[in-house]
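Which chain is which? They are A, B, C and D, in the order written, and residues in each are numbered from 1.
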Amino acid sequence: MSSLFDPLLVVILLLNLFVLGASRLRAVIGASALQGVCLGILTITAHAEITLEVIAVAVVAVAVKAVVIPRLLYKAMRDVAIVRDVEPLIGLIPSLVIGALGTTFSVIFSQTLPLVAAQQGSLILPSSFATVLTGCVVLTTRRKAITQVVGYLILENGIFIMGLALLDAMPFLVEVGVLLDLFVAIFVMAIIINHVSREFASTDAAELTALKE
Amino acid sequence: MIGCLIAVAVLLASAALALLAGRHGRAPTVIAAVGTAIAAGVALPGAIDALTGAAPVELVVTWAPPIDQLRFGLDPLSAFFVIPLAVLGVICGIYGAFYLDDQRARRWLAAPACFYNVLVAAMLLVLLARDAIGLLVGWEVMTFASYFLVVFDHAQLEVRQAGWVYLVASHLGLACMLCSFLLLGGHGLGFGDMRSHPPGGATAVVAGVLGLVGFGVKAGIVPVHVWLPEAHAAAPSHVSALMSGIMIKLGLYGILRTITFVGPALPWGPVLLGLGVTGALVGIALALYQRDLKRALAYSSVENIGIILIGLGVGLWGAENDHPAVAALGMCGGLFHIWSHVIMKGLMFLGAGSLLHGAGTRDLEQLGGLARRMPRTSALLVLGGVAIAALPPLAGFAGEWLIYLGLAHGGTEAAPGSGLLLLFAVAAMATVGVMAVLCFVRLIGIGLLGQPRSGAAARAHESGGGLLGPIAVLAAAVIAMPFVWPLLLGALEPVIEQVTLARPDTAIVRQTLAPIAILGGVLWVGVGIAMVAIRRLVRRRRAAETWGCGYLAPTARMQYSGASFAEGIHRLLPRLLRARITARPSADLFPSPGQLSADRQDPFTRAAYEPLLDRGARRFGQLRWVQQGLLHVYILYIVLAVVVVVAIVSLRDYWVLP
Amino acid sequence: MTLADLAQVIAKVVVILVVPPFLLGVIARTKARMAGRVGPPLLQPYHDLRKLFAKDSVLSSTTTWVFLAGPAVALVGALVAAALVPVGDGRALWAFDGDFIALAYVLGLSRFFTMAAALDTGSSFEGMGAAREATFACLAEPAFILGLLAIARATGTLSLSSFLGPALAHQWSVAGASLVLVAAGLLLVLLAENSRIPVDDPGTHLELTMIHEVMVLDHGGPLLGVILYGAATKLFVFAALLVRIVIPLDHPAWLVWAAFLAGLVAVAIAIGVIESTMARLRLPHVPALLLSGCLFCALAIVLLVR
Amino acid sequence: MLLALVVMPIVLGALALVVPWARVRAWLVPAGAVVHAALTAVVVISPPSPMFDRWMTLGALGRVIVAILSAQYLVCSFYVPGYLAARPERPNRVFCACLIALGGTMSLVAVSHHLGLMWVGIETSTLVTAPLIYFHRTPRSLEATWKYLLIGSVGIAFALYGSFFLASAALHNGLSTSLLFEDMVHDAARMSKPWLHAAFVILLVGYGTKIGLAPMHTWKPDVYGEAPGIVGALLAGGLTTCAFCALLRFVQIMNAAGDGELARSLLLAFGLLSIAVAAAFMIRQRDVKRMLAYSSVEHMGIVAFGLGIGGLGTYGALLHILSNSFGKGVLFLAAGNLHRTYGSKLAAEVSGAIHRVPASACLLLAGFFAITGSPPFSLFLSELTIVQAAFRAGRYAVAGLFLALLATVFIGMGAVVVRVVQGPARAGTKPEHEPLLTIAPALGCLAIVLVLGIYLPPWLDSALHTAARFVEMQS
């Protein structure tokens, strides 16, 4: 639990709000990537003694979240040649407001849960909840398939923060397995996006409404 | 008991065989018929023993969980229904083998043959079951088998709809039965447990009502009878005969069973009496103006169920208010009428089938003039008509007679309040009786007599012995029964004792029946002599056209039609029960073609059930907006589910936990 | 069974077989007198019957055995019914509990076959008649049963011979009003069942207005004779019931017999008077009339059940 | 041994990727299924010792689940060669590979006794099924796949989040956090309540998304409607079973923690909601396969309801899982045949099937009766047990509501099925040849449901009871 810990979490919270407020697609993806980097550093700083295991998790996390997936998404954008705007279903201001409300709610909720001494007063839980909520907001309010992927990525980030809290509890294998699954999921999604763009000539997920009652 | 179980096995085996026999000519139908015959032969002795004083047996088979135990048994109450089932089963089975024969080229007859035997087996199972599970299983199998038989001609839309209505009604009924049994079966679902631990108070009442509704659907009690006319009209005639003859009676069996479980928690007498009067009046009123021969017969079944319920009701009333004579008369009357209705309705439906077979239509306005072209069928149908109009000297009268006297005794002896009701019940039965006369005169007079009303009727041909034989057997029974009733009284005592928990004194019943037997004899002899005399009187005769009252060229189309015959009484019916008639008379000076159409759909379906179901479906349809294919919204649902439920639970913890 | 009883039985049988046509004669004579004519002799109906039985018959080529069964069953039914009503000394030839219900059903049987025979001819007029007969029967029957039930309830017995006797005489003193209602109701039933004015007009020859007559339009010669005789017997049955209700004497025998026969004639005359003083109702109004008959009897029951 | 259960199919799947001949690939599926079934038989009869310090253990629950999975997979797998033979134009390389691998990933869920490992199993089976849904390569199927993937992943994500909550629930009283179910069940009583409750809710929603409980069911109609019949059968019969296996683990933990009441009331609520939603959407449903999807939602609701009743209800729920997986097999395979024959799955366009494809039509009809809990099929027993449990528990109101909803479902579903099966044949329709391989599997499923309905083997019953007691913590 180093002094670097909470500031990084604050950065992540800020990035959440930035993602909600940003109107450019690249910026959103970049923000998510930056969150990935922060998580990598957090992974290391979260622990008193730095073991190989910790290093490995951090490296894999950064590699997946900050390098591979953003590249995939950029590539998808290029292939698909989509409009570079985020095109939210609700305005940016409302989504910002929702994000802020979500953050407050997270802080309140985290108060209702008993904490171990190590985490007393730390931002881990609030920021985790807030990030998850941000991910959900992005998932539910952004038109494009790619933005939804980003939203999902942010959701996973939030979960990962929670995972940090119990890295000691979480054996290495699971961590990596988690990351791997995340990676594969996003990868498959990217492929699908390409198909989608080919079939529908746009990745506007809001247009995928042929199947309904 | 064992015999009955063997019979079930035989029936199922023959059903399977019939299915295997597949397309080999007549093999399936013949196998099925033989199966029913053997089964009847095996089942009857045991049943007769059970009615004539053999101690009720119960067989417990340990079975796989979660059922654990299968209980079978044969007590008088079951045996009373097993006997007509076996008899009618084999008669209709043989009839069916010939009835479907002309379809052999076009249709795959293995299925109906198989389902027929499965149906009989299932009904037998229902009667043998001694726990709720067995009864429910048999019941549902019975429903499905009969459903598949009903939709035999599913190429026609109305047949499909009829089958569908039947299926839905039965399923809802089954749900009610299930609830009833589960309420009663707090100490286990065996009949023994239910009888020994009758629930108290409200539970018992609810269970009783649910049982009444559930079984009442199958029995065709108004107002849950709506499936009955549709299904009976749609089904092949031998199936209609079996369904109307015995299947709907199993509904009564169920009600009687329920009574033995629930006991006096419910005032069964008045309840059944009220339902019976309503059912009888509504049933016959609707039967009056039907255009479809088999629909009319089906509604007459509703009426007869009503009369049976009146009998059972007054019997139970007598038992509850210790009028032993009334109890004995009412119960005996009701039970007798069950048996005689089995025979009469079998006769009528099989006869209608023979008519359909010969003339190719059930439409009353297309029949006529068949008494000359199908003399034997017509004679049998006239006999059946007289019988089912409950006129002496045939089978239908005795049962109603006992019920009448039960009511009359009760009405003259009881306290003012109930006495008045019973007396008015007598009047109601009298009205029903005379309306029944009208109804069946109409069916016979318009359907069989006069000039042929269509080419089909003019070309009609008499059916062969295969069809007429079974009908003749039933006709013989219809003639013989009034004279054998007194001998059968002993068989009813254990049944009544089982339901009313008191041995009835059948002495009064016997002495009430005696004059009827004599009356029957007198009438037969008198009519016989009169017919001979008349034939002698008209020896010097010449033939001529029917006098057209001066009109020289009367045609068949000028005859009084079925609709016009019923028109007068139709006017007198309450509006709810009338057909919906839309008329466009020719208005202008030089008459233009006019139009008149009557919608004879069941008034309860039209007024209550259809609107209800439609509204429900529309309500549900309005929910579709929640699923419009928007992925974002779908994810929102998940998120909301998490947030809301977490909020609820954590708030709960906040209050509950220290 | 003593000789006296045997004599009684024979007397009753004779009365049942012989008297009915005479009532028709009385009615005809009454009507004639009311119209200021001399009218036919009282025994004219017997002559008509003899004449009819001597005739050849013409049968429609459409008809079947049902056509013959009609008259036969009608007659048998009427005769059996007659055996069930108390005749002469107030005892029926054959009495048992509920015999009044049996009586209704026996008449129902003959109605069944009369209507069937009518439909057998395939003529629209006869069909019409059958339909009307059936429709009105639906209203007359409950009135009949209710009326007799009222008396049964009052006297607490269930057989005509027993409740049209001294017990009833007592009831006249205590519940006369309701018994008047019953008598009125049954009189209406009598008029309807025997197709008399104001329900039906046996005299008319306009087919569209008739009920019973038009039903038997195609029956001629002996068949018509049988039908007339049956109809007369039916009239006798109802008349006898009415008489016993109004005059429930039971001794001495000769007085009862005299009262009975006189009563029959009185009823016949009453019918004649009604027929010549009233007009026939329009068909749509008939149900109302019969319904009021039902209501009379129902009211009587309500009054009696206390 | 347990590892083989998981690894064998995955290896075989990889092999399928490289096999060049389409027909052989098709036949690899049943082959793999047979081997898998054999292995399953061995491990079920003689439970092997745990592996990877107890990460893989075959408990009382796992035994039942893996047996159901393997059996249903075996029966349905024989449909694949016939199906692919009827669709020669489609490349089936990925299809077969994923189909085979699915068997492995599903078994992983059943045999893993470790929170994370089980999660990995669910996640991988989600990913593996995506290409199966996309088999038709039509825009509609693509849309379905996209929705499946995204909704599924969100659900999975929540499941993971819930797992972390559970871990912290354990952590917060300084308990061991090996994340092994045994340990958690053992420590459950001393876990931190707020964390535990939050964890259960999130896990319920997360895995509930895979199960398809309302309101997380939205992907089901789209996916089952667009995927091939066989995939629908495996998803509705197999994957949902896995997800329920996962959920049952947490129900067990809740029971162990003495919070069974909370868990049950939540399950009851979600169950009734699911049945109600399914009923609402089945009424006047135009699309046969979507209707089957809603029927699946309904039956998941029934199982949840049974668990919510608890006691005898839990046994009923397990029995219902078993019956449902085979009943769904019948329906989806038969509906697939009809869909292929008519080129449409709209009830308006498919009618008189009994004349054109008699066998499939009869199977659909029989399957309908089976799935609506009509005797003598085994779903009748399970539903009866559940209702009986509800009545025994004196919860008449919910039981009545439950029965009323089931009746509604019967009406809604029956109207469609009857319209499809019966009716006049179009002019000149001859009965078409139906290859044995497309009929036999459905028939097999039906036979199993029927036999279980008439005679439930005592050993099976006792296995179910053991599992139920295991979940209820009464052993």
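Definition applied: a contact is a pair of C-beta atoms (placed from the backbone, for glycine too) under 8 Å apart; a residue touches a chain by one contact, two chains touch by 3 or more.
Values in this document were obtained by computation on a predicted structure and should not be read as measured data.
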Both-way neighbours, i.e. chains that touch subunit D and touch subunit C: B
Subunit A-subunit B separation of Cα centroids, rounded to whole Å: 69
Averaged-CA centre spacing for the pair subunit D and subunit B, given as whole angstrom: 43
Mean-CA-position distance for subunit C and subunit B (Å): 37
Interchain centroid distance [CA atoms averaged], subunit A/subunit D, Å: 31
Residues within subunit D bordering two or more other chains: 146-147, 150, 154, 194, 198, 221-222, 281
For subunit A, residues contacting two or more additional chains: 112, 139, 148, 205, 208, 210-211, 213
Complete list of chain pairs which touch one another: A-B, A-D, B-C, B-D
Residue ranges of subunit B touching subunit A (in the complex, touch as defined): 624, 627-633, 635-636, 639, 646, 650, 653-654
Contact set on subunit A toward subunit D in their complex: 112-116, 132, 139, 145, 148, 152, 155-156, 158-159, 162-163, 165-166, 168-171, 173-174, 177-178, 181, 184-185, 188-189, 192, 195-196, 199-200, 205, 208, 210-211, 213
Residue numbers on subunit D that touch subunit A, as the complex places them: 116-117, 120, 123-124, 127, 130, 134, 139-140, 142-147, 149-150, 153-154, 156-157, 160-161, 164-165, 167-168, 170-172, 174, 177, 179, 192, 194-195, 198, 221-222, 225-226, 281, 290
Complex interface listing, subunit A residues touching subunit B: 89, 109, 112, 136, 139-142, 148, 205-206, 208-213
In the complex with subunit B, residue positions of subunit D that touch it: 146-147, 150-151, 154-155, 158, 193-194, 197-198, 201-202, 204-205, 208-209, 215-216, 218-219, 221-222, 262, 266, 277, 279-281, 283-284, 315, 319, 352, 354, 369, 374-376, 380-381, 384-385, 387-388, 391-392, 396, 399-400, 403-404, 406-407, 410-411, 414-415, 418-419, 422-425, 455-458, 461
